[in-house]
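Both complexes shown next keep chain A, but they swap its partner, so chain B is in the first and chain C is in the second.
For the complex of A and B:
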C-alpha cells in the first residue's frame, strides 16, 4: 500500500495504481477521453493532467504511477485551466452538430464541456472540412469532423481483436482515421467501436438516427445467443404518450463484466435483437374442432394439470413427453427437474436446442443457447431427440420451444405430435407448430425474466428482468410453479417458492455448484 | 578561437577524408582500437561521465548518464540509435560531420557500442540526406573489410553491425521515441515516457539514442581523456559545439567553437557580421524552436546554462541571424506554418493548438488581423507549452511566445498597416 494525498484527502491505495485509478477508488473523477481501462495509457488527449507537488509540469493521471507521499491536486486552478484549454482545443475544430448526433446526451466531450466550458468561442477561423459519412465496414459510419483522434478504435482493433483494420493516416490537423486499403472493419466485434468511441465519430448503422439517447432506458440482462452468455444492456424506448412507436428495443450494448466479456460483445449478439419483438406469441390459443380460439390461462393450465394427474394416478407417466431447451434459466430448469424427473417418474424428457453454429474462438461459442451448462449442473437428464427407440404414441406432449434461431429443429417433432393425444406448446414466438397442438401458451424470453444462467466456462450470472413481456405472456418459472402446485404431489415445496430468488435458494441447497454464490 | 582547439572539424579540409585510407593515415580508428583492446566498458563509461559530455541534439542531457541508465546483464539485445534526422530548421552540422568524416561517426559508434554492450547500431538519417546515407554505407563497407565492424572486431571477440536507415521526411521522427517507432516500421508517433528508451526502446529492448555530434565527440574523449575535454569550453559544459550560422551574415557556415564563446563573437568575428547596410534585429540561437533573442541580448555565452537563463536554449547550435529588413511577422508566419505542418497530430494541444495559431497568423498576414489576435496567440501558446506528449509542443510554443512578446509593437504596426492596405 502507498500513502498519498489527493485533493487534501490522505488515502492508502494499492501499489502500482495510476493516479486516475487511485482517484477513482475514492470517488474522485478525473476527466479523460483517450484512456480506456482495457488498454495501456495512450496519453494523447491530455485531458487528465493533474498537479503533483514538487513536479515542474502537470502530469498525466492515466499513466503516472502513485508513489509514497505524493500530493496530488485534481482541482487546482492550474489543472482546471489546463482542462479548459484541452476542451477548448477539442471543440475548436469540432462541428458541434450535437442536434443530429447519435451520441448527444451520452457524449463524454459534451459532458466535460458542460463542466469546464468556455462558452463564448474564441475561434474565429474556418473549421477544417472533413468527410462526415465514411463507411468503415458493414456496421459502422465514421464522421471525421467529430473525431477527436483518441485512437480507442485503432487500439481496440490492434490490441483486442488483433485484426488491425484501422490506422491514423495523414498528419497534424489533417490526421484522420481510416481503414487500410481493402481491409474494412468487418470482424465479429465491429459494433464495439461505436460504443468505445467517446464522441459521435463512429456511429452504428443500425442505431443511426433512430432515436435520441435520452429517450432510452437501459436494462441489464445477458445475451442469450450463445453459451458465453455475455453481460449486456438492453436499451429500450418506453414510448411517448399518444405516439405509437414501431420499435421497443433499440440496441444491445456490452455490460462490463471482467469475469466473462470485459467490455465487449460480439456482433452476432449485438445485432440479433429483432426476435425480442418480431412474431411474438401473446395470447393463449385453444384448438377445438380444427379452429383456434383465444383461451384463458388459468382454465387451460388447469386442463393440463388434470390430464397429467390422470396419468400420474394411473401410474402411466411414461406416456408423458416433455421437450425442453437450454435457453431457460437455472430456476426454470430446476423446477422442470423437480416436477418431471422427481415428482413424476419415467416422463420422457427431450432436449431440443437450436443447431450449432460457427464459433469465433473468442466470445462466440458454437452452441446457440446460454444455459447448457446450467442444465447439466442441475442434473436434468434429457434423452436425445429423436430417441433411439421410436416412441409408439404419447398421451401428453408438453413442448417448451425456443425459436430465435429458427424452427427447423422442431420438424422431427411433427410425427410425434400426430401420435399424441393431447399436446401443449409453450412458446415466446409464433410458429407452425401452433397449428398442431391443442393449446398454445405465450411465454417470455430471457430479457423479460429474472433468473440466472451458467455459461460455458461454468460462470454463474444472475440478472433481473430488463423488459416487460408482451400480451399475456408468462415466464416458464411461473408456469412450472403453477403446475407443481396444481399437481399437489409436493404442494408445500412449490408453495414457498414465490420468487426467483427463493427458487435459487432452494436450488443452491440442493446442488453444491450453486452454493455460496450470491 | 585558435584553430588548435578544433578537433571535430580539424581534418575536414583534407581531400578524401571520407575514405578509410585517409582517415587511417590521420590516426583514425586508433581510439576505437585502444578502447576495445585495452579498456573495460566500465572504464569508458567513467571517462565519458567524467567528461560530462552533454548531448548535442538539443536537450543537452549528459551522454554518460544516459548510457548508465541502460540495464546491464539483461538477456535482451541492446541497441544504439544514432539520431541523424537533423530536422530542426537552421541545423546542418550533422550533415557536415557525416559527409566529411563518416568514419569518425563510425568510430564513435564502435566505442559507444563496446561501452554499453551493443551489437547492433542504427543510424537513422533524414531521407533528404540520400548522398550521405550512401557515403555512410560505403564507409561501413570499408570498415567491415578492415575488420573494424562485423564479427570479432579488432581481433577481439566483440561483434558490431551498423545499419543505415533513411527516414521519410517527418520532423517528428527526430524526437527520439518517434524515431524508434519509425525505425520499427510504424507511424512516427512519440511514445509516452516513462518507460524511457534506455530501459524499453527499440523493439522493446534497452536502447541508447544519441545525436551524431555527440557520438563524434566520443573518439576524442577516448583518445585524449576527460580532463582534456573539460578544459575546452566550460568546466561543466565541456568540448566544442559545431555552430551552423545562417541568415543575414557575410559568411554563413559551420563554426566549431568551445562552449561558452559569446554569441556576438560568433556572429561578428567568425561569421563576418551582417552584410553591408544591414542591422541586426534578432537572433535565433539554437534552431528554430529556440526562443528568439533581440539584438541587445547577444552578449551571452553560448552554453546550455546561459541560454536557458536568458529564456532561450542552445538546442542544436543552429544560429539564425535576422536583419532589420526582415519582418517579424514573416518570421512568425514561417515558424507557425512549419510547426502546424509538422505536428504529428497525436496529442490535442499540439494538433489543434498549433494549427489554430497558424490560422490566426496566416489571417493576419493576409491583412485580416483583429484586435486581440496577439493576446489569443499568447494564450493558446501558453496552453500548449508544457502540456503536450512530446517536446514538439514546447518547440512550437516557445518561439511563438518569444516572437509575440519581444516584437509585439512591430507586429501590431504590421497588423495595422496590412489592414490599411
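For the complex of A and C:
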C-alpha cells in the first residue's frame, strides 16, 4: 500500500496503480479520452494532466504510477488551464457537428468541453475538410473529421480481438485511421468499436441517424443468444404521444461485467434484437372447430389445470408431455421441475433447443440458449427428442417454444401434435405451430422478465426486467405458479412463492450450487 | 333581499360603463370630425374576419420550415426542437443522403402536432440551423378533425 494525497485527501492505494485509477477508486474523476481500463495506457490525448508536487511539469494521470508520499492536485488552476488548452487543440480540427452526430449526448469530448472549455476557438483558420463517411466494415462508418486519434479502436483490435485490421496511417498532422488494404473490420466484435470511440468518429450503421441518444432509456438485461449470457443494456424509446414509432428497441449495448464479458459483446448479440418486437404473440388464442378465437387467460389456464388434474387422479400422468427449452430462467426451470418432475410423476419432459450455430473462441458459444447449465444444475432430466421408442400414447402436450432462431427444430413435434388429445403452446412469437394446438398463450422473452441464469462457465447472473411485455403476455414463472397452485397437490408451497426473489430463495435452499449466491 | 339589490346595482354599474365608453368615444370622434385635433383617437371596431388587424412582427404564429438555396429543407434532424418541446408535439424521422457529404442527414418525416402545440416558441430558439420559424402570421388554424392538425413536411415547407 502507498500513501498519497489527492486534492488534499490522504488515501492509501495499492502499489502499482496509476494516478487515474487511484483517483477513480476514491471517487475523483480525471477527464480522459484515450485511456480505457481494458488496455494499457497510451497517453495520446493529453487530457488527464495533473499537477504533482515537486515535479517541474504536469504529468499524465493515466500512465504515472503512484509513489509513496505523492501530493497530487487534479483541480488546481494550472491543471484546469492545461486542460482547456488541450481541449482547444483537440477541437481545432474537430468539426463540432454535434447536432447530426450520433454520439452527441454520451460523447466524452462534448462533456469535457461543457465542463472545462466553453471557449471560442482562437484558431482563425478554417477547419480542414476530410472524408466524413468511410465504411470501415459492414457495421461501421468512420468520420475522419471527428476523429481525435486516441487510437482506442486500433488498440482494441490489436490487443483484445488480436485481429489488427485498423492502423494509424500517415504522420503528424495528416495521421488518419484506416484499415489495411483488403482487410475491413468484419470480425464478430466490430460493433464494440462504435461504443468504444470516445467521440462520434466511428458510428454504428445500424443505429446511424435512427434517433438521438437522450430519447432512449436503458434497461439492464442479459443477452439470450448464446450460453455465455453476456450482460447488456437494452436501449428503447418510449415513443411520442400521437405518432407511433415503428421501432421500440433501438440498440443493444454491452454492460460492464468483469466476470463474464468485460466491456464487450459480440455482433451476433448486438444486432440480433429485432426478435424482441417482430411477430410477437400478444393474445390468448383458442381453437374451436378449426377457428381461432381470442380467449382469456384465467379460464383457459383453468381448462389446462382441469385436464392435467384429471390425468393425475387417474394416475395416467405418463400420458402428459412437456416440451421445454433452455432459454428459461432458473426460477422457471425450478418451478417446472417441481411441478412436472416431483408433483406429477412420470411426465415425459423433452428439451427442444434451437440448433447449434457457429461459435468463436471468445464470447460466442455454439449453443444458442443462455441457461443450459442452469437446467443441468437444477436437476431437470429431459428425455432426448425425438425419443427412441415412438410415443403414441401422449394425450396432453404442453409446449414452451423458443423461436428467435427459427422453428425448424419443432417440425418433428407436428406428428405428435396431430395425435394428441389436448395441446397448449406457450410462445412469445407467432409460429406455424399455432394452427395445430388447442390453446396459444403469449409469453415473455428473457428481456421482459426478472430472474437469473447460469452461463456456460457456471456463473450465476441475476437481472431485472428491462422491457414491458407486449399485449397480455405473462411470464412463464407466473404461468407455472398458477399451474402449481391450481393443481393443488402442494398448494402451500406455491402460495408463498410470490416474487422471483422468493422462488430463488427456495431454489437456493434446495440446490447447493445456488446457496450463498446473492 | 339585499342580494337582489346587489344584482340591480351591478346592472346599473354595467350600464354606466357602456354609456361612459360610448360618450367618450363619440366625443373624440366628433372632435376629429370637426377638425379639432386631439392626441387621442376614438376607438373603432375591426370587422373581423372580413377585415384583419396587422399582427406584430414577433408574434408566434404557425410554424414554417425554411429551405436552403437549392430548395431542400434546412433541417438537419438534430431533434433539438423535439427535445425541448414541452408539449412533445414534434416528431421527426431522419434519412440519409448518400451523395451529400456536408448535410448527410435530412428529414424524411417532420410532423408538428398543432393540437398539442402550445406556441411557446422553444423549438425556434433551440434550432441551431435556423430551419424552423414561427413567422407565417397565420393564426387561424382551426380544423374539423384533430388529424388535420398534424402538419407534415409538405405543409410546413410551404
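Rule of thumb we're sticking to: the second predicted complex is superposed on the first by the 517 of 518 C-alpha atoms of A that agree within 3 Å, B and C clash if a C-alpha of one lies under 4 Å from a C-alpha of the other, contacts with A are read in each partner's own complex, and residues count from 1 in each chain.
The criterion applied here is as follows: a residue touches a chain if its C-beta (ideal position, glycine included) is under 8 Å from a C-beta of that chain, and two chains touch if they have at least 3 such contacts.
Small disclaimer: the values here were computed from a predicted structure and weren't measured.
Visitor: State whether A:82 touches chain B only (first), chain C only (second), both chains, or neither.
Guide: first
Visitor: So in the superposed three-chain picture, is A:472 touching just chain B, just chain C, both, or none of them (first/second/both/neither)?
Guide: Neither: A:472 stays clear of chain B and chain C.
Visitor: According to the contact criterion defined above, which of chain B and chain C contacts more residues of chain A?
Guide: Per-residue touch count on chain A favours B.
Visitor: Determine, under the contact definition given at the top, whether A:213 touches first (chain B), second (chain C), both, or neither.
Guide: Neither partner.
Visitor: Regarding the shared-chain residue A:318, is it in contact with chain B (first), chain C (second), both, or neither?
Guide: neither
Visitor: According to the stated criteria, A:430 is in contact with first (chain B), second (chain C), both, or neither; which is it?
Guide: It touches nothing on chain B or chain C.
Visitor: Once the two structures are fitted together, what part of chain A is touched by chain B and by chain C alike?
Guide: The overlap between the chain B and chain C interfaces on chain A is empty, containing no residue.
Visitor: Which residues of chain A touch chain C once you look at their complex with the stated criterion?
Guide: 98-100, 104, 131-133, 208-212, 214-215, 240-243
Visitor: Could you pull out which chain C residues touch chain A in their complex?
Guide: 76-80, 83, 88-89, 91, 94-96, 101-105, 111, 113, 116, 128-129, 150
Visitor: For the complex, give me every residue of chain A touching chain B.
Guide: The contact residues of chain A facing chain B are 41-47, 49, 56-58, 60, 63, 81-82, 85-86, 88-90, 92-93, 122-126, 148-149, 167-168, 170-175.
Visitor: Of all residues in chain B, which touch chain A in the complex?
Guide: Residues of chain B touching chain A: 170, 187, 189, 192, 340-349, 351-356, 359-360, 363, 370, 376, 383, 386-389.
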